[in-house]
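Structures are listed in the sections that come next.
You will see two complexes here that share chain A, one where it goes with chain B and one where it goes with chain C.
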Partner chain A sequence: MNQVFAIAATTVGEAIRRRVLLIILMVGLAFLIIAPSLNELSPRGQQQTLIDISIGILRITAAILAVTLTVYLLPNEVERRTIYTILSKPVHRYQFLLGKYLGSVVALSLMIGLMTLVVILAFGIQQQTWSLERISPLIKVPFMMIFQMSLLAAVSMLFSTFVTPVINFFLSGLVWIFGTLINPIFERWGAQGEASDAVTLVARIAHYAVPNFSNLDIAQGAATAGATQIRGSEAVHMANGIVYAVVYVCILLVVAVLIFDRKEL
Partner chain B sequence: MRPNRSPLVWIALIALFATQGLMSQRAIFPTWKQNYSTGELRIDRGLNADQLLASLAGLREMVAGILWVETDHYFDTGQFDAVLPLIRLVTWLNPRQVEVYSTGAWHIAYNFTDEQNRSDRRYIPLGLRLLQEGVQNNPNTYEMYHETGWMYYHKVDDDYWKAVHWFEQAVEKKDILPALKSILSNAYQRNGQLDESLNWYWTLQEEAERQYAQDSDIMSMNRRDTIERNLNNQIVRMTQRGVFGRRAGVYDQYPYDTHDPVDLNFTFSIRVVEPKVIRVTGTWGIPTTGARVRMQLFDHDYELKWEPAEDLNFDRDADRTFMQDELYTQNGRFDRKIDMSRNPNMYPFTAERYKVVFYYNPRSAPAHIQDKIGWDGEGMTDQRYLDTERRPGTRILYAEIELTRDQLLMRGDYANGYVYNSPGFVAAESDTGPEIVIPRTLRK
Partner chain C sequence: MANAIETHELTKAYTVRGGRAFVVDHLNLQVEEGEIFGFLGPNGAGKTTTIKMLLSIIYPTSGTAKVLGEEVGDINIHRQLSYLPEKPYYYEHMTGMEILDFYARLFRMGKAERRERAERLLQRVGLADAGFKQIAQYSKGMQQRIGLAQCLLNDPKLLFLDEPTAGLDPIAHIEIRDLILQFREEGKTVFISSHELSDVERICDRVAILNRGVVKAEGKLEDLLAGGRIEITAENVPESLRDKVQQDGAIVSLHEGRLIVDAPDTISTDGFVDAIRSAGGKIISIIPRRRRLEDLFVETIAEAERGGSVQEVSG
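Up next is the complex of A and B:
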């Protein structure tokens, strides 16, 4: 495991050196631009909208980060030929891949965490409130976002084993869009039995197979009434989502390793 | 290096794949559907390209938030027609945003008005539909139930059993604000459930006492005092209006306020002064201010039902006319000019015949008038227009006449105008008249 951690640490260092952390400042700036424009709304509407928009900015930034951090991980190593140096040492290909992935997930988590902190601080100062009840959506949703983006990073990692970065970027984007819509699609055409048998079957298969990002999205209604809106246990739902994400990430990484093992470098 | 992987890897892969699929469909999807589903996909309708792209990318709530800001801007600048589709979009994108439902429904039901600020009541079923959609999507919070109850209580202001139905559900919710709970008691009163009203006040009083014992702050004290005052008022009113006396069989033995019913002797006159402009005058036997007689003018075959529409599409009955006004009465008279000529969308006048209805329900009356006429109208009578059948258990005032399109539009034989005087109507000699004046010494 030492090799894996060493590669992961190097990957985190690379991410920091690439100054992607500057994107955090962009999030804070976006918040400062948006917040005053919401003054027209009622205090509650302002707060809810601010939370919704902040979560939206976090999500889009995190998604772009997840993909951009991952798509170049393998191609850059091959292009710079550093991969040969690494693999000539007692490091297996799966260790290299795993290390790279873990490094990008740590970097991603770090950035989501810092962006969340910036948003919470800006929200608290702007709204003059530090009540945990009001801030909790800005903690819970980004927490689940880390797993959501880790799943997206795993998708990009898998694609990066057999396609170019540009194609990977678009493929990952498509999977992201499809994966965020898969639950609504399944609800409409797969579960309710309103569609023809063939459509239902396709919806069910897609729901079974496609990485489901909406399973990890608890933003819907988070800004509104929080816990009062939730039926059943939110914690159980979140825990199930995390387990799901971990299992799916394992699948993607195993497939990535299988492909990477057979790849001619 | 091309290693041959053990079959165990493939078996593990298949097992993991099966596990995630089962988890997703069996464990996560049901709770997702319950708590995070937006009901239907419907994100393609009405969004422009960038909004659609953002929604597809999992940013529905963000797009909803931005659209809500845009909605507020249209509202502030009076562009009401632009508001409706945006409300629809926002509630599709983020059906958990309860404020959009409550503000949206209020806007639909209250803000589409004619030049004289009479709201277009054809929109009320649409407002109620939006609220009920809000209830379906947010069943755990009191707010949508309360707002729906309020719409029936305040805007429909008639079918009070429906207000009771929704308020009863609202008070069951844990997050309801304590101050909002007592509205249920008022709704019970208007629905004729006086015992339930009193019992609810007792319940609230006990609750407020407990709260005050736990936390003796000024808020708790104010709440307790307010509820006690409301409770006392209710007991006094039920006593003075003879509710308990009637039950004890001694109503006729004591001088209850509702004895000797006041003869309303309701009369009215409708004068068409210009096409689609009428002047309504009349008299009745309630001299105090504060009472309003409801007047409706609508297509003779049109029954506007408040029941929420099946689907919310913002298409009111565009070719139907329905006007409702509350005629303010003072010194036993009312006089109102109603101009329906400037809003052809609200008053298209396509039908040949129109009903004009005057309606007064004592359940809606303010307390100082109910002190005389009672909750059920037992303290009022009218030789011509007393109705005891339309609202079983309540004596209401109900007068109905029919006018033709030619009369209202001053056409054909009615080119010089038209006047309808009800039996017994005598035109007042002047607009002023004996006025009940509060002596200066009693003014503050």
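Up next is the complex of A and C:
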């Protein structure tokens, strides 16, 4: 594992210095800082609106960061020949890939953590409150978002073993949109038989073939301010979501390793 | 002596429109332990592809290869070898010390050992004062030296160096060349792919010249470069002497009394000198010219392009 951690640590160091990622992060942070003023424009002007806006910005920024960070991880290493010096050492290809992935997950977690901190500060200042009771949704949702983004990063990592970064960017983006917006609908069709048999079958296949990112969402109602404790059902939902993400990530990484292992570099 | 590298019918082919393109074509190569072996060839000859196959970075289409007595693909052999790719890139945000620490971690070395080796190697490659500078601030020569330092972290038995002196200034060039010569004194096997023929001629024991994936010449340098030429220059030589000095293999030029004879070094110079002197000519110089690797390279590739066979010199 020493090799994996060494590669992961280097990946983190490189990721947090990449200009394009820093720019995306800065734009995300800027939006998060001005989110409270957007809330004032809202007719509802409620706490919930501020949370929704902040989490929405956080989610989109994190997804762009996850894909942008991961699509170039392997191609850059090959193009710059760094991978040759690494693989000429006693390092298996799976260790390299795993190290790269873990590094990207750590870098993503740090970025999501930083954005979460800004969201909490902006929320606290605007709402004039620092009670844990009120800010807890702003901790729980980003926490689950780390797993969501880790899953998205694994999708990009898999694609990066056989497609170019540009194609990977669009493919990963499509998977993200499908898995976030459309897959929950397919899941309902597949499960409840609301549609015809053929549609149900297609819906089921699509539902299992594409990760369902909404499994890692905390229900908006459960994430509202005032939810002091993680309620029992919510804890189960979060645990299920984490298990789902970990299993899915493992499957994606195994497939990625199988492809990468035979890849001509 | 045992072979550090051994390939048998090693082949790399790609499917292209209308057939197969052979990048490396049934390569049979033996590199002995402890020698510096020059692997030469024009661009696209298959040199880097061969190295990549020996390092399991790409996989052969057919044939076999052994490195340090083990089949390629066994990751454990990588503990005893190193690779310096052409135009390498090192993470620019890291310092020289951090780079060496990173590569040492890949060998699962402990922290104290990593530090000790990194400091010693920075000293050895002349970067002791630049160990805490970021790679981004390194010159090309410094980057090449840190590359060699990372190659030495595991005290390898076998080093693969791909164009180690390409694009370096003369001073850096000499420094890298001297470092490679030290490797031989330490008993390491060095496999160099290079276009810098003057370097190869100075440091290599044996060479192979590759063209379109096929070895066209192979052997000890002293054997391959045997058979130099002699250039004799004289003045006040009458035109009538031209036919007398013309011999097999000699190129004779006589213009306005100035005679230049370029002949194989197997000829007797006495005959020329006597003939010139007796005709009233004056010998200006007799210069033996050793055959250069560049000459051999150009001749071999030109002959290969004309469809010539393999030149093999045993020994």
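By definition in this document, the second predicted complex is superposed on the first by the 222 of 265 C-alpha atoms of A that agree within 3 Å, B and C clash if a C-alpha of one lies under 4 Å from a C-alpha of the other, contacts with A are read in each partner's own complex, and residues count from 1 in each chain.
The working rule: a contact is a pair of C-beta atoms (placed from the backbone, for glycine too) under 8 Å apart; a residue touches a chain by one contact, two chains touch by 3 or more.
None of these values were measured; they are calculated from a predicted model.
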First (chain B), second (chain C), both or neither touched by A:Asp261: first
Which superposed partner A:Ser196 touches (first chain B, second chain C, both, neither): neither
Touching partner for A:Tyr208 - first (chain B), second (chain C), both, neither: first
Chain B versus chain C as contact partner of A:Thr129, first or second or both or neither: neither
Touching partner for A:Glu14 - first (chain B), second (chain C), both, neither: second
Touching partner for A:Val91 - first (chain B), second (chain C), both, neither: second
More chain A residues in contact [chain B versus chain C]: B
Overlap of chain C and chain B interfaces on chain A (superposed complexes): 262
Interface residues, chain A side, partner chain C - complex: 2-3, 5-7, 9-10, 13-14, 17, 80-92, 262, 264-265
Of all residues in chain C, those that touch chain A in their complex: 52, 55-59, 75-76, 78-79, 81-91, 93-94, 102-103, 105-108, 147, 150, 154, 160
For the chain B and chain A complex, residues of the former touching the latter: 1-3, 5, 9, 12-13, 16-17, 19-21, 23-25, 27-29, 31-38, 40-41, 54, 56-66, 68-69, 72-73, 76, 94-99, 103, 138-141, 143, 173-175
Sites on chain A touched by chain B in the complex: 37-38, 40-42, 44-45, 48-50, 52-53, 55-57, 59-60, 63, 93, 173, 176-177, 180-181, 183-188, 191, 204, 207-209, 212-215, 217-221, 223-225, 228-232, 234, 236-237, 240-241, 243-244, 247-248, 250-251, 254-255, 258, 261-262
